[in-house]
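See structure below.
Here the chain labels run A, B, C and D in written order, and each chain numbers its own residues starting at 1.
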Amino acid sequence: SPKIKVAGIYTQPIQQKWDACLHKALQKASDQGKIDYVYSEKVSNTDYIRVLREYAEKGVDLVVGEAFGISRDVRKVARDYPGVAYLMGDTFGPENPNLSVFDNYIHEPCYLMGMLAGTMTQTNKIGMVGGYPIGEVNRLFNAFMAGAKSVNPGVEFKVSFIGSWYDPPKAKEFAYAQVESGVDILYAERAGVVDAAREKGILAFGNVNDMNKEENGEGVVVASALWHMDPAVNRAISLVKEGKFKAEDYRAWTMMAKGGAALSGFYEFEEKISAPIKSKIAETEKAIKAGDLIVEINDTEPKSTF
Amino acid sequence: MNDTILKLSGITKHFGSVAANEDVSFSLKQGEIVALLGENGAGKTTLMSILFGHYVADQGSIEVFGKKLAQGSPRAALDAGVGMVHQHFTLAGNMTVLENIMVGTASLFGVGNKAGRAAGKLTALMARFGLTVDPNALVRDLSVGEQQRVEILKVLYRDARILILDEPTAVLTPPESDALFKTLKQLVREGLSVVFITHKMREVMAASHRCIVLRQGRVVFESRTEQTDPEALARAMVGADIPRVVRKKRSPGREVLCLKDIFIGARDGKNAVKRLDLRLRSNEIIGIAGVSGNGQSELADMISGLITPCRGRIFLGSGELKKISPRIMIERGVGRIPDDRNGTGLIGDMSIMENLASKNYGDPESSRKGFLRFNAMARQAEKLVRQFDVRCPGINSPVRQLSGGNMQKLILARELSGAPGIILANQPTWGLDVGAAAHVHTQLIQAAKQGAGVIIISEDLDELFQVSDRIQVMYHGQLSAAEDVDTLDRARIGLMMSGQGTDLGSGRSFGPKGQSNGGNKNHAA
Amino acid sequence: MDIIGFLVETGFWMATIRMATPLVFGTLGELVCERAGVLNLGIEGIMAAGCMGGWMWVYQGGSLWGGVVFAAVIGVIFGLVHSLFTVYLGLSQHVTGLGITMLGSSLSAFVFRMLLPKATTPPKIIPFHSLDIPLLRDIPFLGEVLFSQSALTFVALAAVVLVAFVLFKTPLGLALRMVGENPLAVEAQGLDVFLLRTLAVCAGSAMMAVGGAFLTLSAFDAYYIGMVNGRGWICIALVVFSSWKPYKALAGCLLFAAFDAVQMRVQQQAGMAIPYQFYLMLPYVCSIVALIIMSRKAAYPKALLIPFRKGER
Amino acid sequence: MRLEIRENRSFLRLIAALFIAVGFAMAVCSVLILWGGASPVEGWMLMFKGALGSRFAVSETLTRATPLIFTGLAAAVAFRAKLWNIGGEGQFYVGACMAVFLGTRGETLPAIVMIPWLFTAGALAGGLFLLVPTFLKTRLNVDEVVTTLLLNFVVLLFVNWLVFGPWKDPMAMGWPQSAPVVDTAMLPVLMAKTRFHLGFIIAVVSAVFVWWFMAYTTWGFEIRAVGSSITASTFAGMPVGATIVRTALISGGLAAMAGVSELCGVKGYLTTDLSPGFGYTGIVVAMLGALNPLGVIAGALFVAMIYIGADSMSRAINISNYIADVTTAVSLLSVLVALFLTTYRIRRG
């Protein structure tokens, strides 16, 4: 089948894990020779619309990016270029004929990690450091907390937001502050938290990418909630190729059932985690995939409980 | 003492179209004091700046002690033994005297400041030349005279053999000038040579061996001092005879300004002005003598409306003033000539026209409903520039480019236009050449003739005796009784300026008592 | 943990010093520039450049200290540009500064991307680890707070002492200060105003760059585009706060960092009614208030912002 | 090396200088392009095309220039009076907030009333906001460079709170953004299918007005005078305090108008990323325009052109788009020198 032209437009540098996730999926597709891939990063929302139009004018077939905060204008552009397929991160629904939306829904693996954390904490205190309290972040925090509570009702949480997407030194300081207050497990939404855990000799849980491997969390990161955009991206690509692309919500494709989200391996923690818990996790996972257990999507801002 | 130690040959310097120096040659002998004269803008400062390496000459060469001097480098000049005391002091106000003197004397990258040794050397110098200042005082706290001393010490500290002073006495009081010239004489005795720029004939005649006159950048006159006289010099400078300023006796009219028991606070909590009373009548010129820093500037600021007295009453023309501000003073018809031309009097970056309008741009003839009327303003400016013959490229050129002389004319033009009832002139002829000074004096006398009451604050006794009808001396914030010039002599004023009044230092000639009988005298007069 | 409890925690003070370190470098750098009469608004960009450059050096196999030096060199280069514009040509210090901030930030991002086109999770290096000095570390409170810091923090402290010494105890410092007060006075004493100012700006910029490098070589171990995150601007404020005195500058940085540390700890208390944004505001608001208290008698370098042009008045 | 003021200033020399400057900037950036493995010549062709090569490109350039004209004017006016207002960014957001606060209610008002109303209110808010640092400066002599700078961060965090909290649009599915302003508050688009909106016209008109104001009114006269010398202005009996306050009101107001125009012209609602540093770039623009309101228009267009062009070029030749900022910075600096050399000449010795 012929290659198609795909453009990625990111509002943050591609180290910003959220965008990194899209970028990696597309990069892989392009490495596999499925697509011609170009991208622009750190495109401020003011410039975003222009960039969208420029790519459309250049005749790309598929655009993958984020419409957060500029949904309205993105939709205008989509309407102006019906020939182009749009797969955009957005909080709003899809719009016919050519705008599909996605968002990250790794709350399920977060729930599983929560269960793990709930059993592993000695102090019954867990810390969480995030960028901004937006829905995408809140739902992960809440799922994680729910998971922990499900196995250990007594567990308590500290929640901080650093007010930036990439200021690892600051995230690290926030994490330190939480450790002082007695938490012995950190949920690392932002880069920098794992490093704090490592230096304080406590455990951490990763988010979006496999932090155990990618942010040298060896012996520190028990597991990470992984976000795989590949299923969604690949589906979009093939639909475009077949000319069948239509407006739909790709949520399902970013969740566990379809492999859009997953719990990473435990690596060196394999044997440290007791068998009963492992099996408990395993069957919960099965239940989630089977749709028997629905992890609540709760976008309200989480708060410290102690 | 006849060997030439400094030789400038064929120095030419153009600033754009202006020829500041035109083929100037000049030499200086060991142990000689040369006076350099010339109108404002004649090129004196430029010539000396070239010698000292601030500017680079377009043509010409300089030889010091027989060696060619690299141009454009003050360092080279200093190393060759040339030191310069600048017209506008080059001192850092926020730093101590010692620091100002030391900077650049030790090798930059040496460690540890040699403050100790420097202080030692400095005190030695001060002792030797009787130039005393507190090495650890901040320069901004020093009087102008003391700052002058620091400038000279700076040069001596560097063991200069040739000393250049650009208008050193422009801002000095008579006693200070005398002290300065005593020092110069001593320096020469010690084998140094001196070039000094001045506008004051008295000094030229008193202190110099030889004098050189510049006009429009060229040397137009040179002679041994004893072989010439002030008139000749003045003529050479201006290129024409100076109108003799004559003060005809005028009968003073009604009272236009009356200050009663004025106190003005100073920064240090003490009173800059104490128990001051003053009566000014129309048609008369009162001269206020005094060593700077005795409260004159505060008094001037108050009459200008810049500061309010903490006690006392001010009667201005018709009624008493309850509130003071520059605007109020302007509206009450007070013409104010500040001592600091460039900083206070004028807005350097704005055009001549705008500066002339800066006081009354609100008047209906210069603006209507908040909109400026440029044509009217321009016409007015043209008129004033002609009337006060301000030499300038045009009414739209920035004031910054004018010489002090012309700046002063500009201020007079602005302040005297519209016939003010009261005129306050603070050091009106600082740094002005004889021509310009004469012009200023004529204008002030003219104003008095037309009915204005004029106050002239000055440290130049010649000036005061030349123009004022009555003279009062200010000392430690108090004002002596007003006395008729004809009944006064320089010596006594000089003493009073240094605090020893008629009855020495008891200060009885100051304050209310002195004032009251002064008052009587006035009535008698 | 009660709200004030952390004030006795060693962790709080450790954090304060850690977070103050990059500010100390930046503030000192700016201080030196302004003492010589040059406002350097390029600081934010210069820090970014040092941040990337220092890290890249180490990542390419250089040593940590090599990285610090390299950052300094980058700083000097930007300093040279800044002085060419503001000192030799006497151009507006505001615009040149902002221009250099633009250049520094974007250029470091561009270079990073060109050298590591594929990097999604930025690669890590092995940063300065805290030098636990055996015995000293065991001093009850102080030991823990001080001697668990990284070597660069001590360099920063040393820099404060050094700058203070040079400025106030050496001929060079005297000349530098005077050139910021009245350049003419310096020229009349046979010194080269341009050279002195250039020296100051370069030295200052070098310090700023090292401050940036601290973020990637000590505070963290990877480079994120935009991670300087306004720290440079804070330094500008801290210089005024310190009324151009090195030791006060150190105090100012510690104070600001302390506010930040407080903010982090208070923010995460349970049942905090106030939204987190207001805690993040705390440091800025506090330093404005502090400024108001200090500035009454702030003595500016008289010649700050005023270009010096030879043979002009 | 010595600098010397030029006697005569020719327009030709100015134009020439500008071209040389841009040429120099291009040369520098060519190195980066080559590094990116593309051909510079092609790159610069594309850059031109991206900035002016099409109806769309032009519209984008003008749209970009619009807020820059406002913030540029803000800086120009303030700097003329030596009020170093580095807080354009903050005032920008104050204006935007005002626009949202008033623009989300009052559906009944017709556009013809609504739009002027929003601009006026926004400007007022921005002006008043700048008064805070101004009074701190005049009353307590607190350096305004610092306070205005710091207040930028405070404002941004405040906006952040607004859109996360009280003003959060329930319709936005949890994304932190305010509710959109009513349609009558939106500035009409001037070219179909583009973002080029009425704000540009308003900006240009404002520039002309400010120019006229500074040159021909007594208030403008006072602003220039106070800026040149406070002591002299005081002595001349000018209302110095009032003048500085007026300056602050105007400057802050203009910066805020940028916020209103951007919000009502482009976005429609408030987010924390409404401005990619327009406030700061405004200072640059002002200086490029030599603090002359009409020059500001040129400066804004120039900066917009370079940025838009370079940005689109980066995509066309597929090189990291950070080159856009690099190019802008380099051209800014070289133009600065060029402008300087039209008034000065460099002499040896």
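Following the convention adopted for this analysis, a contact is a pair of C-beta atoms (placed from the backbone, for glycine too) under 8 Å apart; a residue touches a chain by one contact, two chains touch by 3 or more.
Here's who's who by UniProt: B = ABC sugar transporter, fused ATPase subunits; C, D = ABC-type sugar transport-system, permease component.
Just so it is clear, the structure is predicted and the values come from calculations on it, not from any experiment.
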Interface ranked first by C-beta contact pairs: C-D
For chain A paired with chain C, centre-to-centre distance based on mean C-alpha positions, whole Å: 35
Distance between chain centroids, defined by C-alpha means - chain C, chain D (Å): 28
Whole-Å gap between the CA centroids of chain B and chain C: 46
Contacts with 2+ other chains: residues of chain A: 41-42, 133, 163
Chain D: positions in contact with at least two other chains: 2, 5, 157, 160, 164, 320, 322
For chain C, residues contacting two or more additional chains: 109, 113, 277, 280, 310-311
Contact graph of the chains (line, ring, star, complete, other): other
Every chain pair in contact, whichever chains are involved: A-C, A-D, B-C, B-D, C-D
List of chain D residues in touch with chain B within their complex: 2, 4-5, 7, 216-219, 221, 224-225, 228-229, 231-239, 349
Chain C - residues contacting chain A, complex: 1, 6, 9, 11-12, 15, 18-19, 109, 113, 118-122, 124, 215, 219-222, 224-227, 229, 260-261, 264-265, 267-272, 276-277, 280
Chain D partner contacts - residues on chain C that touch it in the complex: 39, 81, 85, 88-92, 94-96, 98-100, 102-103, 105-107, 109-110, 113-114, 117, 230, 233, 236-237, 240-241, 275, 277-278, 280-281, 284-285, 287-288, 291-292, 295-296, 298, 300, 309-312
Parts of chain A lying in touch with chain D, wherever the complex brings them together: 11, 38, 40-47, 49-51, 53-55, 57-58, 68-73, 80, 91-92, 132-135, 138, 163, 299, 301
Contact set on chain B toward chain D in their complex: 16-17, 56, 71-72, 304-306, 325-327, 329-330, 336, 338, 343-350, 354, 357-359, 361-362, 367, 370-372, 374
